[in-house]
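One chain, chain A, links the two complexes that follow: it is found with chain B in the first and with chain C in the second.
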Partner chain A sequence: MTVPVAINEDKLSETFAALANGTRRAILARLAAGAATVNELAEPFDMTLPAISKHIKVLERAGLIVRAQHAQYRPCALNAAPLAELSSWAEQYRPIWESRFDRMDDYLHELQHRGRTGERR
Partner chain B sequence: MTVPVAINEDKLSETFAALANGTRRAILARLAAGAATVNELAEPFDMTLPAISKHIKVLERAGLIVRAQHAQYRPCALNAAPLAELSSWAEQYRPIWESRFDRMDDYLHELQHRGRTGERR
Partner chain C sequence: MTETNGSRDSVVIERSFDAPVKLIWQMWTVPEHFAAWYGPNGATIPVAKMDVRVGGSRLVRMDVQAPGGAISMWFTGEYLEVVENERLVFTESIADENGNVLSPSEMGMPEGHPTTTEVRVQLEAVGGRTRMILTHVGIPEGSPGAVGWTMAFGKLTTYVASHVKW
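Let's turn to the complex of A and B:
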């Protein structure tokens, strides 16, 4: 298994960093139901506008949110494209989590055997 | 679309944070080919042992790496289970990135229309 070279590693790091926060993931879940203004987003989350704006900026920089430039309320919309890239990245590991080696007992047994014999594959 | 309540939000945040680094993702890619000692991991990455150890600790805390406790070299092995959870999380958004709304032209047009009329859905 190899990582495809086409993946933009910096962009992927930014996507992962943006998603490493429960509030930001909740904002995306809300936007999956439709575009929303910052005010609309702040309401259900019981957060101050500056706090929610900060989270939105992180999501915007990561390309997960796009905002209308000329509309009066500059509503936020979900851009799911980076999530598709993230999903492709994770799917590379599907054969591993679906294989029998996913059963940690077998895996650890193999590791401990290697440790005793000093054998290297 | 709703986020399943079964997801452990803190654990998911830790997984995302651990993956927000190209070196750590490269370590996982290397471990997908088989278990490796810290020395073996450090070699191809041209990193010092303390630097690689720090990355391994982050991955271990996030449950993405398990280490044999009693083996002489304490080899590292990939645990793909958190990647399966991450994939499930991302897959929720597949209908969005596959839908016509993924075409940003349509989406932005809709947003700008809303902005002009002040209409809210």
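Let's turn to the complex of A and C:
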């Protein structure tokens, strides 16, 4: 059975769009190891600071990174919540299958208890 | 099979049943048995047509009790692999009563939710018991490139997940 889930569609598209770029994925992977400033994030790339800042803004809009408001260098930190949301459609099936198999178990016991092994073909 | 738990596009469940493989196979392939366990609590399976052979089709109707009365849902699909007592693979799509596939948006589901999913059942006899591995996979829509993208994305998610708690 398929169950509709309440996922903000625009938000999902934004997350996907933000992730559809190698530089931005590399930035996220770097941030997974800890917060960093824009300068630190720019270091491994052969790119200008404004170019890196642009990528960071895209990630920020998608909610994938958050930035400190007051610190002088406004370090970036990873916000993994939108990634978790992307993993939800397949996982919604798990409890459905688990309860089906609980019922299969009960049904098997019932069948075998009756002494019928369900031989029918 | 190298499918792992936790992929964005699939769910893998392993169960062991106190019954011979032959009987578990019938749970999936004999309509009367299938109808006995497949529906959610309070639901019934009034129709289960199963032409269990490669290329054969299936059509299942599920009636769910709702406050306003019973809701009927139809699912269709095709058998892709049929190895008796061992492996069964079939597709599943939400359909109308004639087996015409409906789009996710027609069903009020988010875009990006797969139109078709694939159900894989792997059975193995362990003593008199049966080990069953179920894999339910979403078929990615669009170009073959979409598959590569999904894989790249999966790697990133795994990497990030191993560093962060959410």
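Heads up, the rule we're going with is that the second predicted complex is superposed on the first by the 84 of 121 C-alpha atoms of A that agree within 3 Å, B and C clash if a C-alpha of one lies under 4 Å from a C-alpha of the other, contacts with A are read in each partner's own complex, and residues count from 1 in each chain.
The criterion applied here is as follows: a contact is a pair of C-beta atoms (placed from the backbone, for glycine too) under 8 Å apart; a residue touches a chain by one contact, two chains touch by 3 or more.
Note that the structure is predicted; figures quoted are calculated from it, not measured.
J.: A:Asn39 in the overlay: touching chain B, chain C, both, or neither? Say first, second, both or neither.
T.: neither
J.: Where does A:Ala68 make contact in the superposed view: on chain B (first), on chain C (second), on both, or on neither?
T.: first
J.: If we overlay the two complexes on their shared chain A, which of chain B and chain C does A:Thr48 touch? Say first, second, both or neither.
T.: neither
J.: Could you tell me if A:Ala77 is touching chain B, chain C, both of them or neither one (first, second, both, neither)?
T.: The answer is first: A:Ala77 touches chain B but not chain C.
J.: With the two complexes superposed on chain A, say which partner A:Arg25 touches: chain B (first), chain C (second), both, or neither.
T.: both
J.: Should A:Ala17 be classified as contacting the first partner (chain B), the second (chain C), both, or neither?
T.: first
J.: Of the two partners chain B and chain C, indicate the one touching more residues belonging to chain A.
T.: Between chain B and chain C, B touches the greater number of residues in chain A.
J.: Which chain A residues come up in both lists, the one for chain B and the one for chain C?
T.: 1-2, 9, 12, 16, 19-20, 25, 28-29, 32-33, 78, 80-81, 83-84, 86-87, 89-91, 93-94, 96-97, 104, 107-108, 111-112, 118, 120-121
J.: Over in the complex, which chain A residues touch chain C? Could you list them?
T.: 1-2, 4-5, 7, 9, 12, 16, 19-20, 25, 28-29, 32-33, 78, 80-81, 83-84, 86-87, 89-91, 93-94, 96-101, 103-109, 111-112, 117-118, 120-121
J.: Which residues of chain C touch chain A once you look at their complex with the stated criterion?
T.: 6-11, 13, 15, 17-20, 23-24, 26-27, 30, 33, 36-41, 43, 62, 64, 73, 94, 107-114, 132, 134, 136-138, 149, 152-153, 156-157, 159-161, 163-164, 166
J.: Where on chain B does chain A make contact in their complex?
T.: 1-3, 9-10, 12-14, 16-17, 19-22, 25-26, 28-29, 32-35, 40, 66, 68, 70-75, 77-81, 83-84, 86-87, 89-94, 96-97, 102, 104, 107-108, 110-112, 114-116, 118, 120-121
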